[in-house]
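Have a look at these structures, which come just after this line.
What follows is a pair of complexes built around subunit A, which joins subunit B in one and subunit C in the other.
So, the complex of A and B:
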């Protein structure tokens, strides 16, 4: 039964090993589900959120996974709008990673709202003056788009593809994917940006506040968030691909594709971090003083947030990975490339941490003090829950779906029927589309 | 929210937010409807029967 579902011409581990792996990760998943149920049944008193922290660990995790999932929309944009056809060999995996990231983000929000049965209120009783309404609209719709992009991959399964209706449905979805891709790019631009806008419009919190560009409703953080997601998202895709190759002990994607995506990510990171540096300098010399603060006020008199955090975010996890990926010699060095993508992941996650949690921690009134946040175990468990869910979905997808079109060519199996070489991989033009 | 709901106001905020939402939902809905209907028609016509593309 199991072997009949595995793509032809590729090798997978024994079923018992696969099930054992699922059971181990499943244990973590169950721990997260228990915490999630506690939050739903007993309420948000299971968390350490308070009047200072209406946003907490969950929202940081939410923003981080959305940024890291940005590899899906940006890779799709590059392939389908800018014609970077080499990316077809990694785009299925970018879709899968994007799907995991966005479904995780929605799961986190479902826990965070406290009463998920009322989550439809945001659509029906929408506050059209809120950036978060825009986020909710775009996030939900974009998840629908990602689902549509993931479905054809499922339909490519060896057994499902034998059913004529599913075969035709998958084929038709591929054919019309450009429309979904364009819609996805539109949605991604706005929800990534609006998440940055949420912080940027907080005029009562000078640490996060930024001026609007050309006196519109969009602060600079709107564009920086979209830019950073497009920059660091592909790095995350590359890092997870490398990790998958190490775990499976197989080469899954050819180097030319890896180098291309790394180069694009490098240039995006470098240009983003230059813009981020300019934004920070403007905040240091203009925005913060105009609000009555010296910039270093926000980096002292507390146990966690020092000036080191700026150095790490902008230099160590910004300029360093950007430059490493831009230069050919370091980009084509496996160790340096992986190190750069890892630093990039840390960098964008740190940026989201700063914009959510440091913003909340900093005092804004004369009688205020720094308020550091310690999450409850339920929050930690529900934050780790999406990681376990993601690992499980990758394990199942890798085993049963033709995620990597080049896997068979790069890892020939003795005795495989060459006449069925195409069966293990989607045809050209049939790879999943993302935006 | 729809224009016939009591909370609806004919202002730019509602045009932009709900216009964007309905645009996205319409594209997604029509696109998937087309794919499913065409798949049914293709299947009835005997296309895609038991082979790999």
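So, the complex of A and C:
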């Protein structure tokens, strides 16, 4: 029924199957929307946050999805600025994933603030000294860039492309995309960094606090967050690509592209985790003691926070995936590569968890106590909401847009005329030029 | 409650407190007075203290020893009105993205602008004293109680952060009165916080730390050239090593009480003074 909308030369499941899938994920989406409306109508008393946990699950989710969405800006940087042309075969998907991650982050923020209708105050009454102000500006601008990068992909839909205006618009947007890719990389450097700065500047919280580099305004976490997003973001892109291939039961991206991105991600992870280890050692021996703390005070093996976190974050989810992706033999082993990307996702998410939740949990006043926190169902539902939204957007985009330029070549459809298909869909194969 | 700047010849004020922990009985009068003075909202069920708004909160400290050597002390904790390592670099003021909390160079008071706060709670995460509170609910007053609310303090709505203001509205009134009377100085007795006035033991002394005629200055003996560290050997500030440079000083003759005000590594000897941290 919807075959006129499906790109030519590719095969999609029956419409009823597609709609059934949408309905299932849509159910989860509705659950999240109900929770979101409860938070907006009744207020944040619907959560289990409290005056010790002003930042909690949502802020972690925000930081995590933005780090995972880092594949978009870094792939764009590699392709357009560093000339890694092979990445054109995966960059559409990286952009789509980035778009989902960033729109999710903005949605979560809109739920998280106590007075959402005043959110614009962050721009109007901006405090230029606040890392959160920098986050707001760069995040908003970069989301606009991602939207501009996603639009040409939408315009490549078969029916939309038939309209001359949209066809020409898409073509012209493609030709200017390198500028947006560079802009996106610039903005991402600052908002990923300022998210790290959000925790790092808290000089009243010795667990999160980090000194600034060369007496600038930026603490070490500023650079570590940018670095980790550039390292683990591509791993997330690779993992979601693998997952999509499993679900669609098709090979969608050629191995040379996968191997290239995996190799870059591996080197970034390995170098990042060395820097992270150095940062941790400096904090252990210098920062925490200067504030009157032995480092192990913060890892007391209570219900959640023990030394195991450091081991998991740095060794299991840092050095291990880094090394697995750096070495050719393990990188080209499908199981090990996917395992490495999965570990990487856990690692960066754990890092964001620690920097938000553990910071809030640890007492600072000597007569205060550790506070642990379990999110309410409304918080969980609103955190899953963007996941459901993301799945739906991927489902629709995959079905109706030429996301994967190599799909037709890798999955020839019996009886299709390749010459005709090529002529009818001239943009298939164009990379969505993107950051 | 943002302060109107008044340009005159007077040196900047630096309002602060000296709280004698050895005098505090833990009666909670300061907390009640604060609630009443500042229209602090409360709920029917206040059992979960992590959700209770207490601009002034009294902590119970113990020396950790067993009977008969157990000792107890009570430590009232208002907002510490931090100045940071350079004036105005409070943990909270520096992070607020919407300039909804501000540092007054005229008084040293950290303000909270309720109508500008959009409830991101970053300031709460930044404050190591947990002196900032979020309005998780809209305030609901028992029937008839609205008539008893202070007309000088605006009640806060759901979704914004609030905290102790050193009863700033009292300062505004005293300042306006002094201005109409020829622009004279605000006298010590004209501006006192509700908690200081309510304390039956006289444990809280409030005034201008920069004015040698004020009792608080004489007690604290602040060194303006060294981040206002106290010259009184009985005095300490909470978490001084973090570099918050607070304006609330505590007094005690007991070593363990003074040591309870900060964190010390296992290898540090009791009584070793913590150096103020440099945080840039």
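Quick notes on this structure:
Keep in mind that, in the parts below, the second predicted complex is superposed on the first by the 423 of 435 C-alpha atoms of A that agree within 3 Å, B and C clash if a C-alpha of one lies under 4 Å from a C-alpha of the other, contacts with A are read in each partner's own complex, and residues count from 1 in each chain.
We adopt the following convention: contacts are C-beta pairs under 8 Å (C-beta built on N, C-alpha and C of every residue); 3 or more make two chains touch, one makes a residue touch a chain.
Not measured: the values here are computed from a predicted model.
Residue contacts after overlaying the shared chain place A:145 against subunit B, while subunit C stays out of touching range.
Once the two complexes are overlaid on the shared chain, A:203 sits against subunit C while remaining clear of subunit B. Within the superposed three-chain model, A:39 lies out of touch with both subunit B and subunit C [touch as defined at top]. Residue contacts after overlaying the shared chain place A:186 against subunit B, while subunit C stays out of touching range.
The larger set of touched subunit A residues comes from C, when the choice is between subunit B and subunit C. When the two structures are aligned on the shared chain, A:51 is found in touch with subunit C, with no touch to subunit B. When the two structures are aligned on the shared chain, A:173 is found in touch with subunit B, with no touch to subunit C.
In the superposed model, A:129 makes contact with both subunit B and subunit C. Looking at the shared chain after the overlay, A:162 reaches subunit B, while subunit C stays out of its contact range.
Of the two partner chains placed around the shared chain by superposition, neither subunit B nor subunit C is touched by A:63. Common to the subunit B and subunit C interfaces on subunit A are residues 124-126, 129, 133. If you check the complex, the residues on subunit C that touch subunit A are 48, 50-53, 59, 61, 75, 84, 91, 94-100, 116-122, 124-130, 132-138, 157-161, 238-239, 241-244, 260-266, 268, 274-275, 277, 279-280. Here subunit B touches subunit A in the complex through residues 1, 5, 7, 11, 13-14, 16-18, 20-21, 24-25, 27-28, 31-32, 34-36, 38-40, 42-43, 46-50, 52-53, going by the rule given at the top.
Residue ranges on subunit A touching subunit C, taken from their complex, read 43-45, 49-55, 112-116, 118-119, 121-122, 124-127, 129-133, 136, 198, 201-206, 209, 211-212, 215, 217, 289-294, 359-360, 364-368, 371. The touching residues of subunit A, when paired with subunit B in their complex, are 123-126, 128-129, 133-134, 137-138, 141, 144-145, 148, 161-162, 164-165, 167-169, 171-173, 176, 179-180, 183, 186-187, 190, 420, 422-423, 427, 430.
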